Amino acid sequence: MFVDQLINGIVLGSIYALMAIGYTMVWNVLRFINFAHGEVYMGGAFVSLYLLLLDTPIWLAYIGGVCAGALLGYLMEKMVYMRMRSAPKLNLLIAAIGISIVLQNLAQYIWGATPERLTSPFLSKNIAIGDMMINQHYIFIIILTIVVMIALELFINRTLMGKAVQAASQNINATQLMGINANKIISITFAIGSAVGALAGILVGPVFLVYPTMGVFAGLKGFTASVMGGMGNIPGAMIAGLLLGIIESFAAGFISSGYRDAVAMVILLFILLVRPQGIFGKVIQQKV
Amino acid sequence: MGQFKHRGFLKIGLILAVAALFFLPLGISNPYVMYIINLILIYVLLSLGLDLIVGYTGQVSIGHGAFFGIGAYVAAILGKNLGFSLWINLPLSIAVTALIGFAIGFIGLKLIEEYLVMATLAFGTIIWLVFLNWTDLTGGPMGISGIPAPPTIKLGSFEFPFIQYHDYYPLLLIFVLLGILITRLIIHSGFGRACTAIREDELAAQAMGIPVFKTKVMMFTISAAFCGAAGALYAHFLHVVSPETFAFGMSVTILTMVMIGGQGSIAGSIIGASILTVSSEVLRETPELRMLIYGLLIVIMIMFFPKGIMGLFKISKKRLLQRNIQAKKAAVEKEGLSYEQ
Amino acid sequence: MANSTKLIGKKMVMFMVLAILLVGCSATNTSSGNGSSASEGGDTIKVGLQAPMTGDNAQYGQDMKNGVELAFKKINSDGGINGKKLKLIVGDDKATPSEAVAVVNKMIMNNGVKAIIGGYNSSPTLAAQEVSGPAKVLHLNMGASPELSKQNNKYLFRVILTGSVYVPAVMRYMSEEKKVKKIAALFENTDYGITMYDAAKESTKELGVEFITAEKYNPGDKNFSAQLSKIKTLNADAVMVVGLYNEVALIEQQARQAGLNVQFFSPDDSMYSKQLITLGGDAVENHIFASMIDLNADTEEMNEFKKLAKENNIPAQANTAIAYDAAMALAKALTEGGGEAEKARDALANIQYNGITGPIKFDKNGDRSNTPMIMQVQKGDFVVIKESE
Amino acid sequence: MNSEHVNDSAILTVTDLSRTFGGVKAVNNLSFSVSENNIHAIIGPNGAGKSTLFNLITGVITPNQGKIQLVNQDITSLRPDKIAEQGVSRTFQNIRLFPDMTVFETVLIGTYLLTGGKLLPAVFRTKHFRNKERQAKERIEEILKFVGLWGMRHEYAAKLSYGNQRRVEIARALATNPRLLLLDEPTAGMNQKETKELMQLFSEVNKQGITILIIAHDMHLVNTLSNQITVINFGEKLVEGPPEIIQSHPAVIEAYMGRAEVNA
């Protein structure tokens, strides 16, 4: 049972880590919680599902879903958030929640509310490791998550665009002064964060199904992970996501499965009160 | 002197208008419309409560749906299991909600801005999960139904039973008016002004001797108590409570009412609650599109009226006030008098 | 200054437009239904459907809606109810008690419906019948919970079988034919799941089987790994799942992934849907359950229903058929009632009607007395393995 | 402790006060005292730790070590509102008004200590409560007339001229009925006329028996207004004394005067 829960935890944690990246990247450039990120996760999965129905090859369908997620994030930014730059953060928050209501119900309107299973080439195969059986799709999730993390790390640190995104997270206004188009950076940030979020949704689709409200709790967990890792800290978010998944699985297995979702919330509270800069964050001096 | 007379008229007008409100049911034959009006009244109470902490004190909570739920569940549990009436349950609901509100405020209000938002979200979700999972007490996902109606009120030979929605209206109206009155009394006092000062500039407020944390916690507690009262009324009005009503969506709905109506404004709370309740009910005609349109409405409103509907009037009122002063100044200077009133 | 005034003016105009839109909507709304006191003035009789149209359970609501619409279409083309056409008002109860109360309120008071078909889930139905009962509105529901028999509501009828009929049937089959002794229960934490489990537990003594654990989950849960790994350690002979197809499919799939390979069964036909097989695939093969309907039955009624469904391009699901039956029975009662609520109720209480789901007649609790058959998922289809007695 | 700090008429006594920020000693072992009814000036170059000192006295930040006494009471590490309650009020270097309030409303906030923040009397409008409210409003009328803003009381404070905004801030501070008023560079950014008028106001405030501790750059202001000056640099006290002595002190000239001229 221990190993079972550990594997479940790592798989869940990979998903949370991928989700957390989206929250953290958006926080970096705009300092607000994009509550509609969970719907990007759902949207990506649905588009993949739809492409599969059209007999698209499975890899193309997955890539299509990721691209659709990126587009969704980009459009969200361009159509709503960009027009609210001067509005208080609270307004952005409400707008984000409004968008998430719209997207959830739009998905239901288009595709219906029935949960559907996304195909995975690996799902029906188990691998025996010792006397443990591990589903191949789980291994696929873990490997892909690691690949994405490395790729993202390389992008941020090795490419010019990545460095610009990083600079923007320090000070978006300064970026503008340096001659980098801030709006362009914000758009790119949304697109990348959303692409990763959509990927999370696609990976989860074969296991926990695809349905309009799938993003709600995934979003909350991803967001919790991003706070755990320290808002704005990308590697921190990844590790925190993994940690959250494992803690949650053990709590559900050994304490109570009904309160599974409460675990993340308790951790969130604990972090906020005891270490608001996150597990991996640095203390920032506030100037009076 | 003329101004005084003007004020007197206003006061009489206001009293007449409020009195007229009580006779509103006479003009409404459709009980469903009455039901919606009653629902609006409950939401007004919720918005007033949330506005106290969000609008007047500047501390944002997206967990107030949980306080609404605590009030409702306390009334439901006591009403269903012990047969207590609304008159006992209401004060108990308020007390329990205030107590929990105080505890949460005490822990959470050390945080600021987005971090407070996150913490209230976490608290709200945890409380909702308790509603959902503490099956022995709360009925779990099934909720509690069969909550008794308030007992018949007897005034001499007159009897006011609670059977139809028309019967609930005066009761709910009284509580809403009471809520408005208390809100007004609070905001026009040292305490209320302290809250506004905290909203505007915490550091400056503290330098004026305002105990910032204590004031915030107090206001948070009152705000929770308002929602608790609304919850108890809701439970005895609808006779059923179930957890999903008090999930994150409810917290968002109340906050949206406050934002769309206009923060820090009693009229705003009333307008916000009315718009969202009516649109949500009207949209029941198209169940498949209901939430889609509702969501769009929220996004559009928040994009185009960032200060809420009362914000529009506030701007024009401000301008009016200033224009008035300017005109007076000019007049006074013309007459060569010193400008003093 | 002028610029900002213009801006405010613009916003005011927008606000006005929005307001007019809303008021316009509400005006059409109130004119379409004119209070409960007004009798159906025109030539229509309104019937409400209380079912989950959005959220995780929306598929059930959609199936029910299809069935009722199919029946209404047929009835209306055959001349309606004493010359009046039936009109369906759809109300979304989101499978939750408070929404059910809200929407039933609206349908009765604003739309003036004479009868309600639904809901699908037990808890919302239990809450909603407290509104429809006093209003003397016929309420034909599809909830399985035995609680629904105890409500003392003369207007409440149940068109499916009650849990106290389903459960012993399947338990006896599992004990006698499959020789299971130790059963693990995994059920939805709602009126439906809890009462079904209680009924199952009651039947264990005479059958000589026992429940070794009772695990719960909340409706809408998607991750059952914690419950399943607990069950796995207990070496149960079989697992009884009380839930809807979404959950049953996921549970069995996750059980296979966790290496829990035992017989799964369910006490009733809530998961009887092609969706179960689409979602569950190989994992749901051999799943056993008690059912009141067999879509492969070669009866006159079934064939007619399937023909109608095909003509109207509607998938012939179990819930579609049951809702269709409910609508047909209701139409018969309304015809006999001749516009009077009391008479229609009495007509329904004494109805004798042969539907797709077998003979429909109600006992004094408003329950049907048919007995279920036992079915099994075999090669991606639902096969009767034991006929009803 | 040096004997020079013992001051019988002191309203404020700071002893061995230190505070570091990330290794930088913003205030280092600072001791001085402010005599009752004085106008005491603190001067020093930018970054000398003057504002940090004010924040320490008013409790906005807590010291790493040292002691702050108000008359005989230890106010070290008390919360800012508790210190305000003891009769210490302040203005801020960057004017901090309440953006959404009129002049009258802004100053009304200052009467919090008079009216109190009790809830039940407010809800029941007790006689006591109404009396206090009336008193508060009378007091504001008095203060606003005193600072010359009565005619502008209905205007939004943030929309006023810079000089008048400063007056609002001072009026708000006065409304708390302070014994000690801390002014953090009150004339920075003012034109000469405004500066002169404000200086006039300060001495009138002082005549009402309120001790003033003022941070200033403007040497002219310091010399004409104050009767005691403390010069600090790098968080440490350089010299202290009446204006005549400070003006000619070589260390001051070296550390401060040259730069002040550049600044001015």
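A, B, C and D are the chain letters, set down in written order, and residue numbers restart from 1 in every chain.
In this text, a residue touches a chain if its C-beta (ideal position, glycine included) is under 8 Å from a C-beta of that chain, and two chains touch if they have at least 3 such contacts.
Model, not experiment: these values are computed from the prediction.
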Between chain A and chain C, the fewest steps along chains that touch one another: 1
Central chain (distance from its CA mean to the mean of all protein CA atoms): B
Longest centre-to-centre distance from chain C, chain (CA-based): D
Chain C and chain D, separation of their C-alpha mean positions in angstrom: 73
Between chain D and chain B, distance of the C-alpha-averaged centres to the nearest whole Å: 40
Approximate Å spacing (C-alpha centroids) for the pair chain A, chain D: 50
Chain centre separation (chain B, chain C; CA means) in Å: 37
Per-residue overlap in chain C, given as positions that touch at least 2 other chains: 54, 189, 216, 218
Set of chain B residues in contact with two or more other chains: 132-133, 203, 288, 290-291
Junction residues of chain A, two or more chains touched: 105, 108, 258, 288
Residues on chain A engaged by chain B in the complex (per definition of touch): 31-33, 80, 83-84, 87-91, 93-95, 97-106, 108-109, 216, 220, 223, 227, 256, 258-259, 261-262, 265-266, 268-269, 272-273, 276, 288
Parts of chain B lying in touch with chain C, wherever the complex brings them together: 29-33, 35, 132-133, 135, 140-143, 145-146, 238-242, 244-245, 275, 278-279, 281-285, 287-288, 290-291, 297, 300-301, 304-305, 309, 312, 315-316
Complex interface listing, chain B residues touching chain A: 60, 62, 107-108, 110-111, 113-115, 117-119, 121-123, 125-126, 129-130, 132-133, 203, 248, 252, 255-256, 259, 288-292, 294-296, 298-299, 302-303, 306
Complex contacts: residues of chain A adjacent to chain C: 1, 4-5, 8, 12, 105, 108, 112-117, 124, 126, 133, 135, 208-209, 211, 213-214, 249, 252-253, 257-258, 260
Touch list for chain C against partner chain A, complex: 54-59, 62, 189, 215-218, 220-227, 229-230, 232-233, 246, 250, 257-259, 275, 278-279, 281-282
